[in-house]
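Alright, structures below, take your time with them.
In the two complexes that follow, chain A is the common piece, with chain B as its partner first and chain C second.
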Partner chain A sequence: MNNFAKSALVGAALALLTSSAAFAARADLVLGIVLEPPHIDPTAGAAAAIDEIVYANIFEGLTRIGPKGEVLPALAESWTLSDDGKTYTFKLHKDVKFHDGTSFDAEDVKFSLDRARGGDSTNAQKGLFAAIDTVEVVDPLTVKVTLKQPSGDFLYNMGWGDAVIVAPESAQTNKEKPIGTGPFKFDSWAKGSQIVISKNAAYWGKPALLDKATFRIIPDPAAATAALLAGDVQAFPVFPSYETIAQFEADPRFKVVIGTTEGETILGMNNKKPPFDNLKVRQAIAHAIDRKALIDGAMFGLGTPIGSFFPPHHPAYIDLTSQTAFDPELSKKLLAEAGHPDGFKTTLKLPPPTYARRGGEIIAAELRDVGIQAEIVPLEWAQWLDQVFKNKDYDMTIVSHTEPNDLNIFARDDYYFNYDNPAFKDLIKQIEATSDDAKRTELYQEAQKILATDVPAAFLFQLPKTGVWDAKIEGLWENGPIQANDLTAVKWAD
Partner chain B sequence: MLNYAVKRILIGLATVLAASIVVFAMLEIVPGDPARLMLGMNATEDAVHALQEQMGLNQPLLARYFHWLGGLLTGDLGRSYTYSVPVVDLIVERVAVSLPLALISLVLSTAIALPVALYSASRRGTVADTASMGVAQIGVAIPNFWFALLLVYVFAVTLRLLPAGGFPGWNAGIWQALKALILPSIALALPQAAILARVARSALLDVLGEDYIRTARAKGLSRPGVLYRHALRNALIPILTIVGLQFAFLLAGTIIIENVFYLPGLGRLVFQAITQRDLIVVEGVVMLLVATVILINLVVDLSYAIVDPRLRNRP
Partner chain C sequence: MTASPWPEGMSKAIGNRSFVVGLTITGIVAIMAVLSFVWTPYAVGTLDIAGKLKPPSWSHWLGTDHYGRDILSMIMVGSRNSIAVAFVSVAIGLAIGVPLGLWAAARGGWIDELLMRLNDLVFAFPALLSAVMITAVFGPGAINAIIAIGIFNIPVFARVARGAALSLWPREFILGARACGKGAARITIEHVLPNIANLLVVQATIQFSLGILAEAGLSYVGLGSQPPMPSWGRMLFEAQTMIGLAPHMALFPGLAIVITVLGLNLLGDGLRDVLDPRLRRER
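Up next, the complex of A and B:
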């Protein structure tokens, strides 16, 4: 190669380098998600994958949930509560536009809330709106919501993804082409492959820092690992491959962030079916489980043990794990007292997630040590919902309840636990009607104690949020107070 | 020839109809309700009922079958319960990935297998024959998903030459799209090539033992001349059978490879639809695959007749 060619090459290389330096402030991001949403209308489906794309990015509600699980204002800039605790008056932001250019006002709020609680509503969380009595438009920027009774949860409930505000013009087509008010707008969806959203230049609030975000659907844990390593995907907010987390921790190109979620993982028991109708049997099962071994074995050490149905990061949490500590001898003794000195045969129905399948094998082995022979029955989600959840045709199951603020499921009539404690139900009613924080904390703690004592389920561990992303990305949520990927503050470090 | 073709086509159509009944009936008895699945664990009963109504799930079975069959005949496969878009659109998007992938893999596998088989067969018993068949045996034994992961680690993670997976779509440019299909098609093709090479070699050897080959040689035809003009043509029938089967497999049975490379192909569409109980999508895709397999078999049957003139005059 002659000198001229050499210097030309060097020059070209330099040009490439400087041009890539000019692009250093990247404004695009590819995120990996495990499950593809069935559609992307958060008001018509329970799939977490819907909110993982649209929450806070495309759609907004009156309020929103922040990174610490706190309630923040969103489309409502402020609100007041009447003295009887029943009427909320929301003051809305002005100059807000939907992505199709139509303007947002109080009529849209009334439409959305009435639609969600109406007779033909297919909202997956219709219960959130049960407290609402009437919704009135006072003026274009003021809405008055009157409740049937005071509710301490109302503002939180309005922050759920299922309670976002949609426009009557686009409500029917949001499943395919979501039209919201958020800082990002929907761009395209290649089914089975990826969903792309881009910056909404006409956003009413603080604009997004990214120009474009792509959610790539990667269900296979090994493929997820390869995609991050190859740089095809730069962030996996909920990384599915626990076994390769250590590898990423050791790699300076990546940041591994283990946070908390609202997912209480439990060993559910059919409280009306013998022998599980006997408290001593349920206690025996709880004492037979070594939570530490379970978390190490099934979760590669990630996850926090819980002794009741409450998230450890909540201010009102109390650690009750010692009440059902691992004690196989006590477990055997309790079984004998319950009339099963030689244990019994039963089944353990497991839905598809890894925590359930791996956890189920460990728990079955631990139960065998105290004499309980649990046959493992693996189920798909559809079968699980049908057999266990709807028809209560089960003995034991493992599942994570990922909804926030869901202590009340133990107070529901006809829920799959078949647990029925009037004192607990009464307590939940009180909590729902209380807005004073100190009083609520006290009631929450009482409720946790009741569950730890009654053992309607064996409480196992809180699911972790295992985030892995490029070390240069800032602003992704560390914890998962709700299942969302809020990208409003995400950017590449310079 | 015409008689033979008409008979094959009629048999094909009858099989499609029979398959439609079996597919529909089998999926109807699968437990699980798509509406409940969609709305999850916190849904109220009336919301579930409202959604069932919306999806048309509360009509009687027979009515739904005939409605579906009528749609099939007019090319309307219905609307997906979960995606709520026409099933046909979903399938077309996926075929745009699965069909090129299957074709590339098939061409690749045949292009590797036939030369190897010809080489081995013409040098039967030599070290070269044993070695190439040994490699083929390993190729048959290696699970393709493991091989796929190996390819990803070498070419995507370490060398960063090709993407680890995903499919950018044909709009992103032919080269971008083809680049995404290179590793998956190699992962699919090599095990298929190994099988095909072994089958083709033994088919060739069977033919090479025939009297007419000796006669041809005795008449002074060269070894390669015999191999290409007489042996290969007569060995094509078992080879075509395997190629036909492989094409059907490559079109529908590639879910594992689709998962490793997270490609939006037909396999993953069916898998996802089954887990979400989006039965109308499952029915549509399965019927399409049944029809395709029958069509491939028909083409193979007809090509037998081209390869082997004796078959043309059979009733």
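Up next, the complex of A and C:
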């Protein structure tokens, strides 16, 4: 029996049963996600796929990041800042319980923050906690956090998925069975297939509107399209098949929402490995790339060109794309000046996402036009993380960095770019210690200019958030200011 | 018996419809592949993003793909890839499988038993799945695809060669050769091999078409030759999500695979009819 006949029969049966009662609004949702998380403890892994499931749904922090990137109160209902800018006093919500029934209080906050910044911490973003000097429990509902120096980012940092509050009783088992304080609780995980969360009836705040949400893992773009069309999946917050978006736009059953993300897509280069240690070679590569052709060809026109490592929707953004404009002749000239008049042979290692695989093919063709023969090496994610990210065994790669506020990765020692500029590192330190907005904007712009001049990577485009979902669904985020699928306000329209 | 079957076969061949049609199709594909070395309508390495996903027209007979490349040119260059992979993998099968089969038939006993059981072992694995495994372990690429497909051609040829050779060994002319004092190796080369050549040619044609399919399958899952080298399987894979936008992107590489495999199968069928002496007598 085909699906249509089946649903018609079921529909008829339901109509008979409930003909007198009104239909209740639908309260379950299946979301499609492209990547399966390695585990689901946000305090122990960098994978975006973790936060895309648990952030704001299962786990909560002192603060949280809202749909526009703003800082909102979460487990802390309010806070005060001392006059010297170094001591935050957080007032916590009362009557908050973890999903296993244990109660939440100031001790859990101290435990979580101390655990995240402790010596044996496995937190992927230890930098978020670097400013913290001490965490003190004043009373069960008050926590005092003292910083080493004033930090403009502290409240924002506490809203990251990596800074959520966990209970000492369950911290060790959160990878497989996460226990948080959020409006949803973990239900089940069928590896390779789906993760199910359901409504937490004992939630302290505004209850979730959905009873159940399923995250179905669909890595293949063609399968993603089919699943949406068939209704097996009702929402794809980050839809991987850019070429079929026009088809969904034309279909009244679906809503297509193209938003922004914090994803700066770059052509990463190994700055310590010849010939990429030569600024002229890096500039030549940047000038060989036509960003417009890249966005049209790989992304079907979705994406905003960038000339430095900063998202265009940020108030401090400056457009520096003209500094590395598409100019093959200049590129050839720079290569000749660098001692490679006939170009050279190199490799381009590509992780699985469409933007990388397609972008890589286009960039390799553009590099061929200036004489650089880049052999394409496709890698799976685990291989990419191991070879490129961890062991820095690569020449060039394409990847999108989707964390917010991540300009500082170019200041990290031993990061996979192998980029080392003391002036830039100083600047990042200054930014972290500055809380005045005007001054920060100025410093951010200076940092963008340094990167655009040094070309530690070729900056390509900002990744779009390509949301496609059933037209009757309300409350999903339009943009991706942080890696999250916040379902707290999601519901089906009647 | 060692005389060539050709003089008589020629007229028979021309009268055999599947042989003629198969040879014609295979010839056209081969010519296309050779031609692509010196001429294609457009260069396949150059992208033209502004002219992407164009349907067939006078300037692009088979349309353009998602990077604005000419699909006819891609299919022409891709045929080179398919033919090269299929050809070398058949050559591997012939070069290793046939001597093994002949050796097993000539010696018999435990060598025969051992070789044939090893054959069964390789045979027991589904060929394409194992090829996927081999390329996944040793990395994607045309060379590994050739090796993976070639390995599975070995037992096929070993069996055909052994079976045919075994039926020849008790025959009078072999007995005669042995009586003359010829050794097993010499008999195999001088008398057995020429008499099973026709069977091997037919089998090679069939394996060739399977090789084309296997290469397309491996490229489809991303384990065959890598971009920018065009390959039919990868063209199909890339067309998959564009099918609503540009159906021609899937249609033409698909047709190329179907037509080539069909041509080779017809040729194989035709060759069997033409070359098999038993069939000739029976008709």
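Keep in mind that, in the parts below, the second predicted complex is superposed on the first by the 472 of 494 C-alpha atoms of A that agree within 3 Å, B and C clash if a C-alpha of one lies under 4 Å from a C-alpha of the other, contacts with A are read in each partner's own complex, and residues count from 1 in each chain.
In this text, a contact is a pair of C-beta atoms (placed from the backbone, for glycine too) under 8 Å apart; a residue touches a chain by one contact, two chains touch by 3 or more.
Just so you know, these numbers come straight off a predicted model, no measurement behind them.
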Will chain C clash with chain B on chain A after the two structures are superposed, or do they fit?
-> fit
Is A:G192 in contact with chain B, with chain C, with both, or with neither (first, second, both, neither)?
-> first
Could you tell me if A:P168 is touching chain B, chain C, both of them or neither one (first, second, both, neither)?
-> neither
Have a look at where A:P378 lands relative to chain B and chain C in the superposition and call it first, second, both or neither.
-> second
Touching A:A222, do we find chain B (first), chain C (second), both, or neither?
-> both
In the three-chain superposition, say which chain, chain B or chain C, touches more residues of chain A.
-> B
Touching A:N123 in the superposition: chain B (first), chain C (second), both, neither?
-> first
Just chain B (first), just chain C (second), both, or neither: which does A:E243 touch?
-> second
Of the two partner chains, chain B (first) and chain C (second), which one does A:P341 touch, if any: first, second, both, or neither?
-> neither
Would you sort A:D296 into first (chain B), second (chain C), both or neither based on which partner it touches?
-> second
How far apart, in Å, are the nearest Cα atoms of chain B and chain C after the overlay?
-> 6
Return the residues of chain A at which the contacts from chain B and from chain C coincide.
-> 222
Under the touch definition given earlier, write down the residues of chain C that touch chain A in their complex.
-> 45-47, 49-50, 52, 66-68, 140, 222, 226-228, 240-242, 244-245
Can you list the residues on chain B that touch chain A in the complex?
-> 31-34, 36-44, 46-47, 50-51, 53-54, 82-85, 90, 93-94, 149, 152-153, 156-157, 160, 163-167, 169, 259-265, 268-269, 272, 274-278
Name, in rising order, each residue of chain A that touches chain C in their complex.
-> 221-222, 225, 241, 243-244, 246-247, 293, 296-297, 358, 361-362, 364-366, 368-369, 375-378
Which of the residues in chain A end up touching chain B in this complex?
-> 36, 38-39, 44-47, 119-127, 175-176, 190-194, 216-220, 222-223, 226-227, 229-232, 352, 380-383, 385-387, 389-390, 401, 403, 406
